[in-house]
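Pasting a structure here, questions to come.
As written, the chain order gives the labels A, B, C, D and E, with residue 1 at the start of each chain.
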Amino acid sequence: MLTTSFKLYFGMAVGALVAAVTFGYTTGGNNTGPLSLGWKGAVGNQTGYLILIGVAMTCGFLGLLFVSFRDADPTAAAAALGVDQPPAQLPTQPSYWPLIAMFGVAALALGLVLSSAIFLVGVGLLTVVAIEWAMQAWADRATGDPQTNRELRDRVMHPIEVPVVAALAIAAVPLGASRVLLSSSRIGAVWVASVIAAVVLGVAVLVALKPRISKNIVATIVLFGGLAFIAAGVTAAVIGERDFEHHGGTEHPAEGK
Amino acid sequence: MADVAVATHAPAEHAGDDGHGHGASTGISNTKLAMWLFLGSECLLFGGLISTYLLYKNRIAEGSIGPKDVFDIPFTSASSFVLLMSSLTMVLALSAIQRGDERANRVWLLTTAVLGSIFIGGQIYEFTGFYREGLGYTTNIFGSAFYTLTGFHGVHVSIGIIMLMSLFVRSYRGHLHQAQAETVEIIGLYWHFVDVVWIVIFTIVYLIP
Amino acid sequence: MSTVSETHDVSPAASGDAHAGAHDHPSDLKYVKIAIILAVLTAAEVSTYTFDITGGLLVAILIPMMIVKFAIVAGYFMHLKFDSKMFTTMFVAGLTFAVSVYCVLLTIFEFW
Amino acid sequence: MKRISSPHTGSIGAFRRGPRRALALVGTLGVSAFVTSCASGAELDTMKPKGPTADDLHNLIVPVFIVAGVVLALVIGGTILMIRKFGVKEYTEVDFPEQIHGNTRLEIGWTIVPAMILAVVAVFTVSVLQTQNKYHKDQALSVVVVGQQWWWEYRYYDGGFDPAKNYDLGIDVRLNEIQNHKGKTEKHPVIVTATQLVVPVGTEIDLYITSRDVNHSHWIPALNGKRDAIPGRIQPWKIEADDPGVYFGQCTEFCGLSHSRMRMQVVAMTDADFQTWWAQQKAPATATTPEGQAWLDQQKAITAGTFNSKVDPSKVLAAPTASAADRGMAIFRGQCTRCHLATGINEDIYTGEAQQVSKAAPNLTHFSSRTTYAGGIFNLYNPDGTVNRPQLEAWLRNPPKEKPAYAVGERGMPNLQLSEPQINDLVEYLLSTGTKPAAEIITKTEVE
Amino acid sequence: MAIIEQPLAIGTGRAPEVRSPLGVFARPTAKGGWRSWVTTVDHKKIGIMYGAAGLVFFLVGGIEALLIRIQLARPDGSLLSAETYNQIYTMHGVTMIFLVAMPLGAAFSNYFIPLQVGARDVAFPRLNAFSFWCFLVGGLFLSSSWIFGGGADGGWFAYAPNTGVAYSPGHGMDFYALGLQITGIASLVGAINLITTVLNMRTKGMSLMRMPVLTWMLLVTQFLLLFAIPVITVALFLLTFDRRFGANFFRVEAGADPLLWQHLFWIFGHPEVYVLVLPAFGIVSEIIPTFSRKPIFGYSFMVGSGIAIGFMGWGVWAHHMFVSGIGPLSVTAFSLSTMFIAVPTGVKILNWLATMWGGRLRFEVPMLYAIAVPAMFTIGGLSGVTHSVSPADTQQTDTYYIVAHFHYVVFGGIIMAFYGGFYFWWPKIFGYKLDSKLGKVNFWLQLIGMNMTFGPMHILGLQGMSRRIDHYSPGFGFEFWNLIVSIGAFIIALSVASFLVNVVLSTVRYKRGLIPPAGPDPWDARSLEWMTASPVPEHNFDEEIEVRGLDEFWHRKYGYDKDHKVVRIATGEEVAHKGDNKNVHLPSPSYWPLVVALGLPLIGYGLIFNLLLTIPGAILLLGGVYGWVMEPPDDPNKAHGHDDHDDPSPGLALASVGAEEVGNG
């Protein structure tokens, strides 16, 4: 029932945990600090304690992971299901998540050097990758039928994906628009808002009235529009906000001013 | 209260196919009635926020920052227009799906969402501007009341945008057909209500000092 | 509740156009015209900003316009005019309670 | 209408066995209830009015109680009647009463009759409401009542106070700029006291009630109903006592930890006595010995800058040591000024910004002229006229133990870690601050 | 622990036949066991859960009440510190009103509205489940304040500025505000659900004026909730923003007006008390006719007066603010409007008495309660009318006289009616009657205890005892009656204990076969819920009932002969459905309502302790809603008809969209 690697990692986790607690008490912990992760009492040398606890948690996590996936070992999987032959599986499907993961790691590294914003982008990318890639991996192995796999994955992931994707997709618009507006003058902002809205409306009318415009062209227009928002937004953010006259109240100067 | 007579659309045996409730005693759709009830209750929510704003907007100290210091009527008028137009596009989306035109439906749904997002962008711009000018959430009582009222409205709009985009995505994936027109209608009701609340807010908060 | 029969199908004719026949939908063009009316009204409201009107007069001009816009959006865009009276009743009930209660509230606070 | 059986058994049977007995029981209970409620010790009793307004209220509500009682008797009587007349033990197959569905005229009748009864009540209600809210034009005696956690302050002004014409920065909670002071004159109180509202009898006293922190409610049951003390608002109210005496009150709006310990009394005196009291209260406090007074005067001069202690250090007088009261006065100036004001003792260094959340602590100028303190929960004097020293010492020793206050933020009086000699001196000082009240006021302050 | 639980067939693109490969993400199908309760969307199970939760919270609030009474039994009580006392009485009030009276009302609403209108379930079964779970997690969240630093301590109506962060720095009031927001969502959603049910799902022939009085009262209640909950939502948001984000809504130094809170609260608060009492009125209106063998006297007036109370209840709120300084004009107006609300209520009381007049009264336990309610409620109602005399109220308000008023209407009017309802409908819900001897003990203890507890409070109030005081000093004359009151409270506790004993004993005896099943119609009742088997089968009725008049069930049992005397046509057993129709399609269970509900307290804890906690809460909420919406309508294998759009999601109504996905039959 318990796989080999589970036993290994679980053992390591227990060992690390014991080491952490011992370490905690021997370097000056008191009360039940080392036992309660520092909630009720001190843990002694915090760095070492943290490292050991970290090792314990990582090993524990890995152990759980491996026992869930039966060490990715067909015999173990078959034994768990109580059948002779493990169920057939298709080979792993191609996926672009590793590519995105690469961008994420790069952003992470760059961000450490350049700016925290980029670092956060990297963190965000990697979180998304972790979830999506893991789900894809699971779905790939669920059944032998790619269609069913896809439906399974959709069933699980759509409740989060749909709203998040919808929100992200549209997020370019308010963020971009607001940046542009903030860089414009007071009267300019009125014009900008009106013009953008008019353009959007105009394009919509055109597309709606001409059903023969192909799907791809429409998709291109939409994509282009989205990119325009993002580009304009980034440009405007770089240009910076216009000067706002302070009217009394609290001081809230623009960033970098 | 007499039962309302409504033409049924199909043989009595299946008087529920087009999204209406089973054996609906009034013949109207369950979900639509539910949405209208919800909108009725929302009137009280926004009424309370508007009343709070009205009571508090003039109770600020002599030199403290107030409505006339920050409001930018021309801009707010522009964004009101935008929201108004989004109501039009919404109703066009509905009429499209009701006659089965899924493509037009998508076009208008997306447009509505984009126009709504422009409105939200305008709100972000406005709020940031006010903030730079010295009106924060905690600055004074006018700030708290104003941001709460318009913030609640903005959150309602944002939720509406997400729902519209969700509909768009479903339609794009081929899951939103004429038979589900009522779903679009109900989200449309929500969207129009949000617009109507803005009509009231715009007049009472911005135009009447 | 009647027991469910297996032989149902959603006949396209049961909704869509048959709907249109039973309910009275404005056409798309009509909707655009209504939107233009609303835009004009809004422009009128906004124009009061350019003139120097204050106090009771301003209120007397703006509030009726606001009510008319409200009614148009509710009646046409939200389809209340063409739908079952039940919807109007529910919504108007909420609206009436809200307006009355909050007006009383503002009166107690001597707002006017 | 035949009764199938006439059971006098079972639980409902009790009512049938002796309806008279049941009524007698209820009646006895009711009478004894009223009798016991008339027992002594009912200082907060609302049914014993001692002032004209309270009288009006009493005269309004008693008939209403009677009407309500009659209606109740009818309903309960009706219920018992139903039980007696129409109860059965078992249903038989065929025994059905007449299936009456309603009687529209009857129902309209018992819609209209209660409405008419209520209309009559309404008329009387509105008329008493008018009188309760009518105030004299003469503002000569108007007192500002300020509630804060957890005691009451009373401020008297020369010529009275009218919120429409005056303002007093000492009671403003809101930002001074918000308060519309345009066209109003500022007024300072001439007497500030705490816990006991002293008034002349037979005169309508206008009260202007406000609060410095949270909502409180000022209530002297024997004299009038209550009025909430809301921060940021100044609410008019009035009070009038028929006879001299001490009338008890209680804060009746939940205001936090020691809401139950926020009490006050109205002390009504004859006109002559009131004039004497006024004069005594208006006068600033002084030290008890010339030595103390000299030291005090010099301290004040130092504050004012008219005496420079550095010029001639030898001229600086030492703090008085002979008299305990004066020693206490010196300690008071040192330790208590950050919160308490005693005019004549420390008004030169008191900033008006007590280190309290409510920015105020009781004015102690003539502390011992009051018979209760700390929100009216402790009596300063025993019934025989001696001072209750242990309680006062306990108060100074550890106030939070005597009266719960929040540990967070300055609310209530903190534990100042005073030493026993200091406490002793302070007690002497406090006892010297005012004229001991009349004996009958002291006895009437006792609750029993 | 493996995620892969079963061997899976290699198919050709169709969803596999077997249910479970979709694992935990298929529609649950549990028929019994705890899973069936956790995933249920059946209005009856939900009603039972509401009732059980309400009863448990009643014990909690009751223990808090007993602690109050022990503290106040003697002067200078020292059992509880001032701090603890303030928390205990606040939590007692909040628990009793929001976590007892409202859910018990919801229990009856949920169980009986569909039955009484002849429907199979409510309009939105999953939404119904969500209402319950939302209420439960909200109630637990609110109660968890005890372990997280102390309960709320600002009084049940939490007047600002005392409840602002400056004067209530602990977390108690945050739990109050956020907990009530969560339970408010439950009530609002439930109101939408039940109104739609009553309006849209009545059976054939059941016009609105043929619905039982209970359904009418519950309908009015739902409307009151629909419109009142948003107002307290606003108030609680303002308070939360003040406390958490430094807003200035109730900071007097910034220019705020504390009366704004009072108004917003009581605009909700007064309709709220009618929300509490109308179900009770409805219950009594069902019991009295049954045990008088007569129809309710003046059905249209009963319905009309209920509607009138619902309307008029909106115009009286400031009677709670008579001494707050709203000005003599407002006081006069509200005084008058409050007085006149006594008129429709009086109609009800008198109609009940008139129903009994000329009837054949059988004093079963439910009837005992139903008779006590008009009398006890009248006591409370009349003291309410004395409050409406606003000058007199300046003496009465914030004293125990008010406590007496509302405990009479709440306990004598509401709780006793609910107990009557328990005894009345227990056989219908569970299949057996509760023991009637124990029931009579229960009743008498309760009646005597209640009068002993709340009667003397009138005297105490008039003698000047203030509310919300953690102790009173000797010498003011409060000692004697406080002792009586405290003794009375323990007598009520005994009565509650007897009820619990009754429940346990009767259940045990029934399970052992010592008491017979009650059958569909043990009381010879009048309305539709009695026209089916007991306990009510999952599908409610075997076939659609065609209703030809009020009290349809009664008229199928009894007719009139030529002398216009009542004769029996059929027995209850004959008329009632057997409950054996297995072909009625039922809404499928679902766990998404629970998932969505669980997100809410997480957001709550996040707002109080650490904003990061709101993230998992928001994920649960958002993901839960979308999962709900996209849920397949049913077990993909079971054939189903056009029920896809029976279960639309909250506001999104995409279920029909989701239905297209997985193999439609």
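Note that in this section a residue touches a chain if its C-beta (ideal position, glycine included) is under 8 Å from a C-beta of that chain, and two chains touch if they have at least 3 such contacts.
Keep in mind the model is a prediction, meaning the values are calculated, not measured.
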Intersection of contact sets, chain A vs chain B, gives E
Smallest number of touch links from chain C to reach chain D?
2
Average the CA atoms of each chain to get its centre, and name the chain whose centre is farthest from that of chain C.
D
Please identify the chain with the largest separation between its CA centroid and the CA centroid of chain E.
A
Centre-most chain [mean C-alpha coordinates]
E
Contact-count maximum falls on chain pair D-E
Can you give the whole-Å distance between the Cα centres of chain A and chain D?
62
How many angstrom lie between the CA centroids of chain B and chain D, rounded to a whole number?
51
Rounded Å distance between chain A and chain E, as computed from the means of their C-alpha atoms
42
Need the CA-centroid distance for the pair chain D / chain E, whole Å please.
39
Pull out every residue in chain E that's touching 2 or more other chains.
119-120, 199, 226-227, 231, 254-257, 259, 544, 626, 642-643, 661
For chain A, give me the residues that contact two or more of the other chains.
162-163
Numbers and ranges of chain C residues touching at least 2 other chains
1-2, 5, 8, 10, 86, 93-94, 97-98, 101, 105, 109
Could you please specify the touching residues of chain C with respect to chain B in the complex?
1-2, 5, 8, 10-12, 14-20, 22, 25, 27-28, 31-32, 34-35, 38-39, 42, 45-46, 48-49, 54, 58-59, 62-63, 65-66, 69-70, 73-74, 76-79, 83-87, 90-91, 93-95, 97-99, 101-102, 105-106, 109, 111
Interface residues, chain E side, partner chain B - complex
119-120, 123-124, 188, 191-193, 195-196, 199-204, 206-208, 226-231, 233-235, 237-238, 241, 245-249, 251, 254-257, 260, 264, 544, 626, 642-643, 645-646, 648, 651-654, 656-658, 660-661
Interfacial residue positions of chain B with respect to chain E in the complex:
1, 3, 14, 16-17, 19, 21-26, 28, 30-31, 33-35, 37-38, 40-42, 44-45, 48-49, 52, 55-56, 59-61, 137-138, 140-141, 143-145, 148, 163, 166-167, 170, 175-177, 179-180, 182-183, 186-187, 190
Contacts from chain B onto chain C in the complex sit at residues 4, 6-7, 9-10, 13-14, 17-19, 22-23, 26-28, 32-33, 36-37, 39-44, 46-48, 50-51, 54-55, 73-74, 77, 80-81, 84-85, 87-88, 90-92, 95, 98-100, 178-179, 181, 185, 188-189, 192-193, 195-196, 199-200, 202-204, 207-209
List the residues on chain E that touch chain A in their complex, please.
1-4, 6-16, 21-22, 25, 619, 622-627, 630, 661-662
